[in-house]
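Shown below is the structure under consideration.
A, B, C and D are the chain letters, set down in written order, and residue numbers restart from 1 in every chain.
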Amino acid sequence: MTTDSATFRWPVRVYYEDTDAGGVVYHARYLNFCERARTEWLRARGWEQDALRDQHRLVFVVARASLEYRRPARFNDALTVTCEVANRRSAVVDFVQRVEHSADSSVLCEVSVRVVCVDTDSFRPKTIPEPILESFA
Amino acid sequence: MTTDSATFRWPVRVYYEDTDAGGVVYHARYLNFCERARTEWLRARGWEQDALRDQHRLVFVVARASLEYRRPARFNDALTVTCEVANRRSAVVDFVQRVEHSADSSVLCEVSVRVVCVDTDSFRPKTIPEPILESFA
Amino acid sequence: MTTDSATFRWPVRVYYEDTDAGGVVYHARYLNFCERARTEWLRARGWEQDALRDQHRLVFVVARASLEYRRPARFNDALTVTCEVANRRSAVVDFVQRVEHSADSSVLCEVSVRVVCVDTDSFRPKTIPEPILESFA
Amino acid sequence: MTTDSATFRWPVRVYYEDTDAGGVVYHARYLNFCERARTEWLRARGWEQDALRDQHRLVFVVARASLEYRRPARFNDALTVTCEVANRRSAVVDFVQRVEHSADSSVLCEVSVRVVCVDTDSFRPKTIPEPILESFA
């Protein structure tokens, strides 16, 4: 898998809070790292999620996730998390993401995440407004 | 410090998620453990916090906390968290709590927590309703 | 999908620490809940993971995970996490797990987890000792 | 309390993972934020904690912490965490830290943390090597 130079990349440092007694990053934390990258990817496109929630009454929720753990990340590692849109339609966006060692771009974890746009109150799917969806192209 | 036989006690098991690469329980997690014990202490008195929030429009928030770490807890340890009221008045309740090894009651962490009852929406202090406050005696 | 009466079930209560500002359980936490259930499933078969690590020099690490989020869990919900072995061979065990509402057994999240037995120090795959693997039948 | 222009400051963004169903940052997370700032403060002085652990056989552990919560932080807030040494001697360093809104420097949480340098294996206090302690001045 090659990475387009345009791929969004977000740096994440591994702190003690991210690790477990096995000496490596706790497996669930990769989902946290990926969400930070998606949040910053959204912000880079001009969308602040608190404004989307309060003004557009929409929230993006995770409907599906899968993770392949290649190699463990360790305390104090400098990581890079990528974020790319694989598919988008109506209320659904599929992301492919990778967690890499920043130093050599070796892949530690490959992640697929399906996000659904839902109404803030009812939690029912809601079509992503056109200006937002367009900015995901 | 002696413990009255009436002291509320809540068991907590240490899982990988609670530990860090130092091989011990991550220091912030003791606040999580203590909150679980306070939640169960409230439940034992008949108060479900989701009902308090939705029906009484009140939430208990932590206003102050202090922790003395005596000895580290480790992966797979069986812990007991105590919960006692030190002071209560109007909108404020002060708790003293301990995290102990269940096997020998040795103290791992001593915690003081001040909780304030606030309005769900405004987050302003709100007098604790009498039946609730009485049950804290 | 029917559930054998022999399916292992572990209760999990949703505390504030598990929720996010969307009012629901944070999506990564389901992996924590599932690991708690696998840990207790192991314990019920007689295996304490700290002893496996120290005496057998083996650790179980997550190599793959996938999650389908059906419905959100909320603050104070009483959940049940199931744990069943789908496949096992040499150093690999595949689990299927579900997070359910305890009250009505409605499924909130379906999870598949591949766990690999690795050497404590080298993190290389290590055949699961026969008595342990047999107990997984 | 005035802040010297030389005070170390570390930015922290509030993600969903940091919040709870009350709509605010979960109270224990402030300890995580403060540790990130102390880690980066150490790094800025030239000390990488994985190297300190592996080469100097020393780890800094939290022995005491106290937190005063002034105002809640919320989802998507841009925060700044300060880090200053209040006292240092032998194996002990006392930090005072603040979590502020980056926009207006309003204080959300005031934190005191006592850190003790311990031996990696025995977890017994260990005098901080002179070059390290000097760099804390």
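In the analysis below, contacts are C-beta pairs under 8 Å (C-beta built on N, C-alpha and C of every residue); 3 or more make two chains touch, one makes a residue touch a chain.
This is a predicted model, so every value here is computed, not measured.
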**OP:** Please indicate which chain is farthest from subunit B, where distance is taken between mean Cα coordinates of the chains.
**Re:** A
Original post:
Is the C-beta contact count larger for A-B or for B-D?
Top reply: B-D
Original post:
What whole-Å value do you get for the distance between subunit A and subunit D if each is reduced to the mean of its CA atoms?
Top reply: 27
Original post:
So, what's the distance in Å between the C-alpha centres of subunit B and subunit A?
Top reply: 33
**OP:** List the centre-to-centre spacing of subunit B and subunit D in whole Å, with centres computed as mean CA coordinates.
**Re:** 23
**OP:** Return the residues of subunit A touching two or more other chains; collapse runs of consecutive numbers into ranges.
**Re:** 16-17, 22, 24, 28, 32, 35, 74-75
Original post:
Line, ring, star, complete or other: which describes how these chains touch one another?
Top reply: complete
Subject >> Interfacial residue positions of subunit C with respect to subunit D in the complex >> reply: 16-17, 19-24, 26, 28, 74-75
Original post:
Residues of subunit D touching subunit B in their complex?
Top reply: 22, 24, 27-29, 31-32, 35, 59, 61-69, 72, 123
**OP:** Flag every residue of subunit C that touches subunit B in the complex, lowest number first.
**Re:** 13, 15-17, 32, 35-36, 39, 48-50, 74-76
